[in-house]
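Below are two complexes that have chain A in common, paired first with chain B and then with chain C.
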Partner chain A sequence: MADDKDVLRDVWFGRIPTCFTLNQDEVTEREAEPYYLLLPRVSYLTLVTDKVKKHFLKVMKAEDVEEMWFEYEGTPLKWHYPIGVLFDLHASNTVLPWSITVHFKNFPDRDLLHCPSSSVIEAHFMSSIKEADALKHKSQVVNDMQKKDHKQLWMGLQNDKFDQFWAMNRKLMEYSTEDGGFRYIPFRIYQTMSDRPFIQKLFRPVSPEGNVHTLGDLLKEMYPTALPNDGEPKRYQVVIHGIEPLLETPLQWLSEHLSHPDNFLHICIIPTPTD
Partner chain B sequence: MSSSVLDEQNFHHCCRLLLQQSEQLKDGWSWEAVQGSEEGYLRKTALRSVVTDSRPVWDHEGSSSESEPHTPCHTGLDQSGLVAPVDADSIEGDIDDEEDEGEDEGACTVSEGSSQVLQYEYHIVYSCSYCTPVLYFRASTLEGKSLSLEEVWSSVHPNFRLRLQNSPLNTITLQEHPLLGQPFFMLHPCRTEEFMRPVLQAAQDQHRPVNYVLSWLSVVGPVVGLDVPLKYSTQLHPTASLSSTKPD
Partner chain C sequence: MQQPGLRAPSREGWKRDIVRQLKHRDQNQHAMFTDLIRFYTQLLDKTSLAKGILSRSARRPSADSSSIMTLLHRNNQLKKTTGELAYQVVELQQKIKIKERFWRSKHARLSEDERRAGAVFDARQELQQRVEQVQGENGALKMEYDALLERQRGAETRLREENLRGGHLLEDIMHMKKQAATRMNSRNERKSRAREANLQRELQSAAKSKVTVDSSSAPTSRSTSPKNQNQERGHTRLFRSASATSPRILSPSKNCLNKRRGHSVCSLEEDLSPVGICLYARVPVRARQVLEAHEQGINAVRFSSSSDLLATGGTDRVIKLWEVRSGSLTHRATLDGSTEGITCVEFDATGRRILAASYDKSALLWRLDDPVPKLTLTGHSRKVMAARFSSFPHQVVTGSADRTIRLWDLQRAACVQVTEVASSCSDLVCPENCIISGHFDSKIRVWDTRTVNCVQQFPAQGKVTSLDVSADHRQLLSCCRDDCLQLVDLRRWSNNRVCFRADGFKCGSDSTKAVIR
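Presenting the complex of A and B:
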């Protein structure tokens, strides 16, 4: 369907205008100007910020530079979460551009994973894809792929090549018609109200009786707090790629069209802003 | 248990059994629950005397560490377990050779390099994606300084290191703990089913009950210095220890 393919493109090409400012405690040889960048929602911070690093290194001495890390209003940003998820979770109802602070010292290793090279990002990305396929197809599709096919998925993401990525990813989105959908839906529900980083459990797209499960059904089972009580105003927003899909949307459709390149449906529950 | 996967209910059941035995053996495991739910994980801390030797793997060929036959953290477990499909005979044969029953401290007594006492914290968490347990751990010096991935690697016995390095997905990586959100090292679970299958099949053929978590732990634990005393299995089958030397 032409409309559905448009959704895939819109998801892939989503961008967040961001302003990177150097942490004022960093030692610089002269004043550092902020750096502006459009960040892809579906990529990872450490994959797309080489230019940011180069920009700030111009005003710093090598001995004052350790592993770069990012923070938003005091919260260290987890590079291994897709950029769009970080934004929706921490900054979605704020004025653009998104203001991120850049650090080169005091890496918070109790909060953040180290990211010494892009092969670490690749390993993490491929690990997510494999886990998603374990849920969708008992790993059959991903294990049938060759090493070069896996590489194509990674290169597609790294080089922002939609067609190259989807030529391979479409195989991971297939299912037999008699099943009516994937075996289980790969999803993660994020919230900032408790310490738990995310909720991820087994959930089928279709009930044993043959009823199609919706986004609302998923939340009712996994995080009922997110759902509004009858007659009460909405306390929380359920956000995927910066939008609030209708709760009646079939989960299988969401998984096929609004998943991230890692094949997971990342869902953010954020308190409704009180203006 | 007829399949080589573990559902969450069975995971909880195996953990409860393991906990009971741990209490009797004073092995230090506890169950940590996630606030307000039935979910949780097994936890244990241990001090480990480790030789932090950062020489690359190939320098270890012919070093004195390889001529130490009874180093508990590798004896009897130098099998193709973690990377390639496991031959049931090789696991059982190797475990039969294990003679250090009394030694349940994961002390790698390798004579080269400098020795350090480290604090390890091990978590056993259930993965619903792979239907297996997963081992997470972190390590720090006694002063509280966290170990880096390189330092953790250098404390893995060279025999295990070679195996793990050959297959990047079956190796030790830094991951976010799924329940706590903090960085932990993790042994990747995607090959667990492969090495557990022959173990479970053998147990089924011999009509022996098997504790999936315990068997799994006895394979993966020693790689990262977590020893599982044989008394766990002899306790389970007091008569089996007379008729057969095959532990669970």
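Presenting the complex of A and C:
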């Protein structure tokens, strides 16, 4: 059990070193120095990049500044994905720190959502939690929670308060023992190879016969190409929170401990680096 | 977060793997960059601050040039101080090194001393153990000693008791022996009295006539005659022979009469005239007084020149002095000091000194009143048979069985001359101007007193046992072993010798003495 607590903490406090560089095309008064920041994996880009904006605004004229957006190696980064997911998906095996280019102009409307304020992020966050709970408990738990509890969840995430967040979140991780787990596991499988943004389907944690489903079972069901064939070397990496859990890891446990604060289990399938 | 309590081992594997991977990820992505990014941001802030200051100050360059100068100056000073401080730092580091070395050496010495103290302490422990051991042994020895002491004391008391008992037993024995001796004495007395009575009766019956006195002084004829003729001589001699033997004398030759008790001392008839005129001669037949004089045999008897003292000496090593008064003797003194029996006793001319020759190879001189000898003349190697005062004043002659005659000086108490003789001297006499000695080789030798050379020697009939010279120094009587008494005229040195023999006179031993009276 102590291990589980450690796992939760490690997941919550995971950080990614990032180097924000201003796009060269941006008009600056002076040379803009890159800004280094440790980004929390579980948070969202627009929530934690205020300092970046301030830093770069110092060198820019106010009239040139529009909504800030980020891109990595040409790919605009969707702010509504957790930062950890973005990193694992795009720059998992690259040299740290993660170099993100900051743009202030030419916001790509097709690719990115606008994020005018933090309330937008909060709305998105809470909708994810509700969706996850709908899958897990038929929304009973989240509906039983009061407004202040929801607020507590959001404040915990915004202010990086592990205990505050988990005081509420643990209710969302409970299940009745006779079920043996949640109703359905909330998960999303991301991959870069196809156009589909992510895979999200219904999947029970326990089989009708009573077997506990594992990660491998989920992948076999949802994305079998991710699994290596017998005898072949691994072609794809299954990354959650920057680590590759063993395929026999029980899915229920994964959902309880390795979910993001939005209660979803975000899984990234990336091709194994060949070097 | 509720999990069923079961945990199969296979579950642990994946969890552990996840934990490990998380840790690894954090290490790589988080930990390595935290500090760096922090410092970077700080630096960035500082530079921006500085930039801000600079930008502000750039607008007012003139006003701040002096401040810049001061700043530069201060900068230089600071550089200097940093240089000095660096130098001090180096120096202090040196000192630290030295102190550290010093401390290390001290530490080494301390550990060395500690080690040595430990060794000494061990040695001390060892010695203490030895001490205790030795003390224990001492205690054991002491106990043994005490036990032995006890035993010794017990043995001593037992010894004392035994000694006491032995003393008692000895006393009893002596008492009984005394009784036996008295019985023997009385028996002997009775026997002798009986014998005497017999003898007297016989003599009385035989001797009827008295002989008238001649006034002739010189002996006229000598011839052997029976005993009766002796009585008819002009010179009567009362023979007094006190012969006793001591068991120590030359045992092969004689009938040793062991421990003949006491002796009869014959009474004396005095000469009325010293010139040799004899009033009458009578064979002493009756003892005037019988005395138990000595404990053992009596070897020598001598009257003093004044005839009021009698000295007797014998085997019991003492000389007893008797006062003669009206025919009875009373004991006056005992002179001891000789370690062996007395052979010969003589008074000196004054009668105040007594000379005795003894078996202990010495001659002793006493003053009359002193029981302790005044002088002891030692030098002979065998028993001294005779000791005589010489005619020279303070001179003594001794003759001994060691075949020497020695001349002694009384004032020096030393032997003046030693003369070797061929045979052991049995007796000596000292008439004026010469010394006459009789020897076992049947010779009588005359010596000159000054040169002590043998002037003359003439043979005797046998082994000379005793010599005596007459009061007028004219005649010499020698008693020999072959039962012969010889009378020699000294002035004539001729062969005018008269031999007396008698039946029943047997010279029984080598120390038989005959005296001219």
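Criterion: the second predicted complex is superposed on the first by the 275 of 275 C-alpha atoms of A that agree within 3 Å, B and C clash if a C-alpha of one lies under 4 Å from a C-alpha of the other, contacts with A are read in each partner's own complex, and residues count from 1 in each chain.
The rule is short, and it goes like this: contacts are C-beta pairs under 8 Å (C-beta built on N, C-alpha and C of every residue); 3 or more make two chains touch, one makes a residue touch a chain.
Remember, predicted model here, so these are calculated numbers, not experimental data.
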{"item": "Partners on chain A (chain B, chain C) - clash or fit", "value": "fit"}
{"item": "Partner contacting more residues of chain A (chain B vs chain C)", "value": "C"}
{"item": "Partner chain in contact with A:S194 - chain B first, chain C second, else both or neither", "value": "first"}
{"item": "Contacts of A:H80 with chain B and chain C, given as first, second, both or neither", "value": "first"}
{"item": "Which superposed partner A:L202 touches (first chain B, second chain C, both, neither)", "value": "first"}
{"item": "Apex chain A: angle to the C-alpha centres of chain B and chain C, given in degrees as a multiple of 10", "value": "160"}
{"item": "Which of chain B and chain C A:S127 touches, first, second, both or neither", "value": "first"}
{"item": "Chain B versus chain C as contact partner of A:G216, first or second or both or neither", "value": "neither"}
{"item": "First, second, both or neither for A:I16, with chain B first and chain C second", "value": "second"}
{"item": "Chain B versus chain C as contact partner of A:R110, first or second or both or neither", "value": "first"}
{"item": "Closest approach of chain C to chain B (Cα atoms, Å)", "value": "22"}
{"item": "Residues on chain A lying within both footprints (that of chain B and that of chain C)", "value": "none"}
{"item": "Residue ranges of chain B in contact with chain A within the complex", "value": "34-35, 128-130, 146, 148-149, 168-169, 173-183, 188, 190"}
{"item": "In the complex, chain A residues that touch chain B", "value": "78, 80, 109-114, 123, 126-127, 130-131, 134-135, 139, 186, 194-198, 200-202"}
{"item": "Chain A - residues contacting chain C, complex", "value": "1, 3-4, 6-7, 10-11, 13-17, 33, 35-38, 55, 58, 96-97, 170, 173-175, 177, 180, 241-246, 248-250, 253, 256-258"}
{"item": "Touching residues on chain C, where the partner in the complex is chain A", "value": "1-4, 10-11, 13-19, 21-26, 28-30, 32-34, 36-37, 40-41, 44, 48"}
